[in-house]
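Each of the next two complexes has chain A plus one more chain, namely chain B in the first and chain C in the second.
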Partner chain A sequence: MTVALEAAETGAQVHLLEQGLSLGGRIAQLARYFPKMCPPSCGLEINYRRLRKNPNVMVHTLTKVTAINGGPGAFEVAIETAPRFVNGDCTCCGDCIDACGVERENAFNYGLDKSSAIFLPHPMAYPMTYAVDNAICPSGCQKCVDVCKVNAINLKEEGTTDTLKADAIAVATGWTPYDATKLDQLGFGKYENVITNVMMERMLAEDGPTSGKAVKPSDGEAPKRIAYVQCAGSRDRKHLPYCSAVCCGASMKEAIVMREVDEAVEQTIFYIDRRVMGRNEDVLAKVEADEKTLLQRGKVAKIVEDATTKVLTLSAEDTDTGNRVEAEADLVVLATGMVPNNGDLPLPESCQVDDNGFLVAGGLESGVVPAGCAVRPAPMAACMQDATGAALKTLVIAAKAS
Partner chain B sequence: MEHKTIAYICTGCGIGEAVDADKLIEVGNELAPAVCKKHEYLCGKEGLAEIGQDIKDIEATHVVICACSERVFTDRFDFEDVFVHRTNLREHVAWCHTANDDGTQELAEDYVRMGITRCKNAETPEPLVQEVSDSVLVVGGGVSGLNAALNAADVGHDVVLVEKAEALGGFAATLHKTYPTAAPYTEAGENPVPGLVAAVEGNDRIQVLLGSTVSEVAGAPGKFDVKVGDKEFKIGAIVVATGFTPYDVTKLEHLGYGKSPDVVGSVQFEEMAKEGKFVRPSDGAPARKVVFVQCAGSRDPDHLPYCSSTCCMNSLKQANYLLENDDDAEAYILYKDMRTPSLYEQYYEAAQATPGIMLTKGEITGVEPNGNGKVKVTAGNTLLGEDIEIDADLVVLAQGKVPVMAEEGILNLTYRKGKELPTLKYGFPDSNFICFPYETARTGIYTVGCVRQPMDIVQCGEDAAGAALKAIQCVHATGGGTAVHPRAWDQTYPDFFLQRCTQCKRCTEECPFGTLDEDEKGTPLENPTRCRRCGVCMGACPERIISFKDYSVPMIGDMIKSVHVPDEFEEKPRYIGLICENDAYPAMDMAGLNHVEYSPLVRFIPVRCLGSVNRVWIADSLSAGIDGIILIGCKYGDDYQCHFLQGSELCSKRMENVQEDLQRLMLESERIKIVQLAINEYDKLPQIVNEFVEEVNNLGPNPYKGF
Partner chain C sequence: MSTGTIKPDVAFVRDVLAQGGDDLKKCYQCATCAVVCPVSPDDKPFPRKEMIWAQWGAKDKLLSDPDLWLCYQCNDCSVQCPRGARPGDVMGALRKVAIAAYSVPSFLGRMVQNPSWFMVLITVPVLLLGFLLTLGSGAEHVWGWSEFANPSTEKGGYVFHNFVPHLLIYAVFVPTSILAVAAFAMGGLGMWNRMKEAFPGSGAAAEGGLVDVIRDVLAHRHFDTCGDSKWRTWAHFGFLFGFGFLALTTAATIVLMYGFNLPPPLPFSPNHFFDGLLWKIIGNVGAVILIAGCVLTILKRTSDGVDTLKSSFSDWALLLVILVIALTGMGAQLLRLWSSSAGSVGLAQVAYVTYFIHLVFVFYLILYAPYCKLAHLVYRTIALIYGRRIGRLQKEEAA
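For the complex of A and B:
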């Protein structure tokens, strides 16, 4: 969104292609940013407003790139847009949601709650239009269609294809959280009260499944003790050999927000190194000053659940002393890392990809500029730098091609 | 053209079920618009066509859409050459208040009155299109400045690059090599500076001024008058890339500096590497056992409280220099946390596997000459679980980064509000906005690289491209007569009716962006292209002489006065809510979307920024019989969220004075409440609104009601 807006506000015409239902990406799913502890929706809202007011940006949601032909100054980008089953006439009045009796797992909340089969992607969605998860609609069901006063729903809608012309291409495809079920010693997927950091963000978000409070999925009760497991997959040859750059700050932030939510909660953050760069150091200072949050050096090797009490026991090696440490927690948050998303993008051969799947930010000859977490794991502010820079580079490519 | 307002009440989305639309039309018609009618689905094709036809037939100039939030269907309710006002009967009325209730109906009626009233004075803005210079001034010729200059030149802008030193390159020019900047992140890289310098020197669009500093910046974006020595330039936008200085090692006595010549800073060690001479300064003997002390000054509240971000990687590189020069050398890196984020982890991993490089966490307890010509480094709390002692040939202190944005003249702005860019804590002229890193407190001036935040060469390169983009964007917006971020679409600008100015200087003092200067008498000198259109000046002005075409003191004042205030015997209190349109307004929309219910007694008016709230609106409210006023704006303090830096904070200060005024009028100060609310806190709205209403209800009616 930032590349698109920054370029458009210099007068460039931009097609913004998004595979999902709404703009904002992972950021829209976060509760807060570190170090300011401010809500991401604040900046998103400004950007949505810039988009609403800017005729230079054409937004295409549910859209995938199927082929890229041509070169700098003369790209032809083939796109495929999947059906949303709801058109822009939708007023979000909610009549269809009341009528729909079918439930789906809410992917926006990482499955922590359910939504109806017709739903608004999230309360701040852009575009503000419902969508239908037709994979779970009972065959022949027309309840939503029947009740819609503005005829916005068409369950027979089919996908479309198109070819767009472009001078330059920016790739800002972002990341997916590392699959925590691959960390078999840590019990995710096996023990209900082991969750991931992105799930924790949804819980701590006011518009999330638990309205801003962390709960134990096993019983919906508030946890008295929370443990954060850093480098859950990251900095590990067997999983992700790199550092995911944001997880230290994210867990510290979550611990700070948790203490605002529940003054009595006791928390432990297991870490290898505390990586908060620049002025994010302030976040670490704040956690260190909190007497109820313990920063424990050590890599967690194993988590075991007591089947009756659901209490989780973490075993770690304290790398300060070489001793084994054990700690109990009611809720464990795995700080899973970032996996780049650009795998199925049909990029020109001149674009390089490194061993870990990240795009190599090279010269401008290819006409393709990668930005953000497509290049390397990075916190939000660094992605904004990249994205603004990428906008400039697309202008350079266009200028050199003309 | 004759002023003609047409108004529409949409009855879709539950509005028609919640309120009596015919009654709303009656109420609307009392204000004599050319048309006031209802439609069951205004945003649909037929509804829009009807509006379009009416505009044509009636030659309407103003359209009031009483329907959903202005945050949705913005493009549909956009009609050419007419002023459109959106009145929110959906999220702010039908979706959050009891259907068919008197309170709900009266709220909707007031909103219709307020919408039509707003249009009486509002005008469609005309952009202030003007000739601008599209040249970019870049201050600082290091990696960030060189990249910014090349980037701006590559898209066709002329660049003036000013460098204080006699050569380009900045600090990075002193580096022997860079740490790895590309996959597989295991080999140090060639220094990019010579290549960058050659590219800049070979670029016709870039004029380089060496050994120079900026002696004066006057004017405004699009037409800065910049003096560099005796040269003068017309400049469109400015990029500040003044970089950093390494932290002063002489302040690191606690880490042994000054106690032995063999304790050196990382900058000095880099020079050794460049010369290929790894020797002890004391006796010229080879330095074969070297201890690198991390966070030498950084992450230390007594020195630099922040992390300098690049020193861990830099010391790994320097340890590798040592080993590459001498296989048998030993490098010890003592750190607090090894910070090699992201893909740089791979360089750390490679170092861990390198014989001769020993890495351990440790807290330095002493660095002293040991009496035998070596320097003894002692550290506790190490990974090995015990204290360690190393007799080193050489100790290298990893120096942090200090931004070059000090008191001394970088820009020498002629601005009334100071010669330099305001800085945040720790001296960085950063934006304080995680989402919008380039927005400094001075329009058209963008900071980049290590002056803004500690960062490495790769990040400086990206950052430079970003800053160049912002500079170009500013020139584009300024020439076209629109604002820059965050109101990038806004074509209005403040008009000053200077005949009535009393030279009180409040507007010039309070503008967070240093927009206004003053003449000798104290009359404000307008610099519209410096303006971000927040309206703080309008809020500050006691004479109410500052206004925008679509936003002014009388416009909002008249909206307030249009509220129907029942007399005290009806026991129907009325409140005004002035809310930030950027955060509180969307939060109210979220509350509506979630059908969260709260008191219908408050009439909310969105404002550009709480800082634009003029005190007279409080007086207008109270003299109209309004019982209380609640102001909801962004959080302030160190981590302020106000998009206009200080707007909400300024408002809260002004309101303290207003509360004092109230007490003098024998009115309770509780009738005015200011609340900080983040956009995500919509769930708190009912409590905030209801508590306020209850508190003021308990005070009884405004005694001025009916006068």
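For the complex of A and C:
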């Protein structure tokens, strides 16, 4: 979104292609920005306003790139847009949600709650338009269509295809959290009270499924002891061999927010190395100074659940003292890492992809400029800087081609 | 944390890398290994601390660390290690380097573990035995190479003591064994003193000693707690009991012959086929178990699974020497029986050569036992006894 805006604000014509229902990406799912600790809504709102004001950006949601042909100055990008079943007339009045009797797992909240089959993608969605998950709609059901006062719903809507012309392409496909069910020693998916850091973000978000409070999924109660497990899949040859760069800061941020939410909560962050860089060391200092948050050196190798109390026991070696530690926790947050999303993008052969699926930075020759987490795991602020650089590169490519 | 000066021994680190610990430097001290280890104690568990000591070249710490020998290289740690640093293999490499370091004289420890010296070292038994067998010509009862040129029979069959008389075997193997025992005694004492100085121990001493250690070793109790490399229990079982049966028959024969002047049972046999048949059966069972252990180990060490161990020269040297001993022992026996029943002089000579190779490798194994991987037999036992003394027990014993 930022690449598109920065380029469009110089007068360039931009198509912004988004596979999902809304712009905003993972940022929209965070509880707070790191390290500023403010909710992401204001930053998003600023960008949305720039977008609304700017006639040069054409936003395509639910859109996939199926082919990229041509080269710098003469790309032809084939796209396929899936139906949303709700058009821009939607006023988000909510009548259809009341009428709909079908529930789906809410992917935006990582399955922590459910939504109806017709839903608003999230409170900060752009476009602010409902969508229908027709895969779960009972056949012939027309309840939402019947109650819609503005006739915005068309369950027979079909997908469309198109081919766009472009001088340059920016790739900002972002990331997906690593699949924590693959970490069998840590019990995610097996033990209810083992969650991931992105789920914790949703819980701690004011607009999240628990309105900003962390709860134990097993009983909905507030946890008294929380443990954060760093490098859950990252820096591990069997999972993600690289450091995901943001998880140390994210866990520290969550621990700080958690203490604001519940002053009595006791927290432990198990880590191999505490990787916060530059000025972000202030955040580390804040966590270190917190008497109820313990930074515990040692990677958690095993988590076991007590089947009746649902209390989790984490095993590690305190590598400072050289003794084994077994710590109990009511809620365990796995700091899962970042997997790049470039996988199904039909990139031209001139684009280089590294062993881990990240695009190699550059793009002036190929005309395809990668940015943000498409290049490497990076925090939001760095991705924003990337975006400005990428926008400039696309303009250079376009200028050279004309 | 304790403070102190670390004197890195770079040559020591290189030795560890060369002996199968070449992934050592990948370790980033996350301690997954020390948590997943099924035998490591909760108090100062291994192998995480050994990994950093090895990276730092803290030779003195490692050479006095009984924990090296509490590890059975089941490799659960190597399977779980997020970095692929293979702590289990590093521990194995550290034990080999420790064996070389405990060696008396120390140059033999370095030579035996160095592949470029192998041919020189094997030449010693070849030349010595080869030379001694030249002494049999012109004697009243011709033996040695003269007997080889013209094999004679006894009770209708060829017999090895016409080729290598018992006396010659004693003349060679008794002094060699005494040397080996002496070398073990000196090396073991050195190890004990190192451990006592560096790890006087804080825990309460556990009950038992040598007897408990031997009981645990025979039962393969610690091997059995391994998760990912269960096969090693069976492989080691084959080695221990294969050798055990063979040692038993040999020792019992010597006791019977010289203590009671009796031939090996069953003694009253009509011909050479049935001489000592009962002993032959026990010995053969031992040999088959030993060969099975060798084959399983070779298959597993050459396969490419999560349970594969990294193998260095020391591992292969011991494994192949044992396999050659077992196969030539079995082969010499079968060739002797075959040549006797066929009455073939040529086959008898092949049997003699096979027997000669067998003796050369047995000689090699005994002579170099204190310096090769086999020395773990003594050093591990010493470490286990010391561990019990200072209350340093494997996990399930402490529980």
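Here is the rule we go by: the second predicted complex is superposed on the first by the 401 of 402 C-alpha atoms of A that agree within 3 Å, B and C clash if a C-alpha of one lies under 4 Å from a C-alpha of the other, contacts with A are read in each partner's own complex, and residues count from 1 in each chain.
Note that a contact is a pair of C-beta atoms (placed from the backbone, for glycine too) under 8 Å apart; a residue touches a chain by one contact, two chains touch by 3 or more.
This structure is a prediction, so every number in the text was calculated from the model and none was measured.
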Residues of chain A touched: more by chain B or chain C? B
May I ask you to decide whether A:Arg324 touches chain B, chain C, both, or neither, giving the answer as first, second, both or neither? second
Determine, under the contact definition given at the top, whether A:Gly70 touches first (chain B), second (chain C), both, or neither. neither
Between chain B (first) and chain C (second), which does A:Arg235 come into contact with in this model arrangement: first, second, both, or neither? both
Identify the partner contact of A:Lys302: answer first if only chain B is touched, second if only chain C is, both if each is, neither if none is. second
With both complexes overlaid on chain A, does A:Ala316 touch chain B (first), chain C (second), both or neither? second
With the two structures laid over each other on chain A, which partner does A:Gln185 touch: chain B (first), chain C (second), both, or neither? second
Between chain B (first) and chain C (second), which, if any, makes contact with A:Pro348: first, second, both or neither? neither
Contact residues of chain A, present in both the chain B and the chain C interface: 235, 273, 319-322
Interfacial residue positions of chain A with respect to chain B in the complex: 6-7, 9-11, 31, 33, 35-50, 52-54, 89, 91-93, 120, 123-124, 128, 149-150, 205-207, 211-212, 235, 241-245, 273-282, 285, 297, 319-322, 354-356, 358, 360-361, 376-378, 380-382, 384-393, 395-396, 399-400
Using the touch definition up top, name the residues of chain B that touch chain A in the complex. 12-14, 41, 43-44, 68, 71-72, 74-75, 151, 154-156, 182-184, 299, 305-309, 337-346, 349, 361, 381, 383-385, 425-426, 428, 432-438, 453-455, 459, 461-470, 472-473, 476-477, 485-486, 488-489, 582-583, 586, 590, 593-594, 635, 639, 641, 643, 678-683
List of chain C residues in touch with chain A within their complex: 1, 28-32, 34-36, 42-45, 48-49, 80, 82-84
Of chain A, residues touching chain C in the complex: 185, 231, 235-239, 272-273, 298-302, 315-317, 319-324
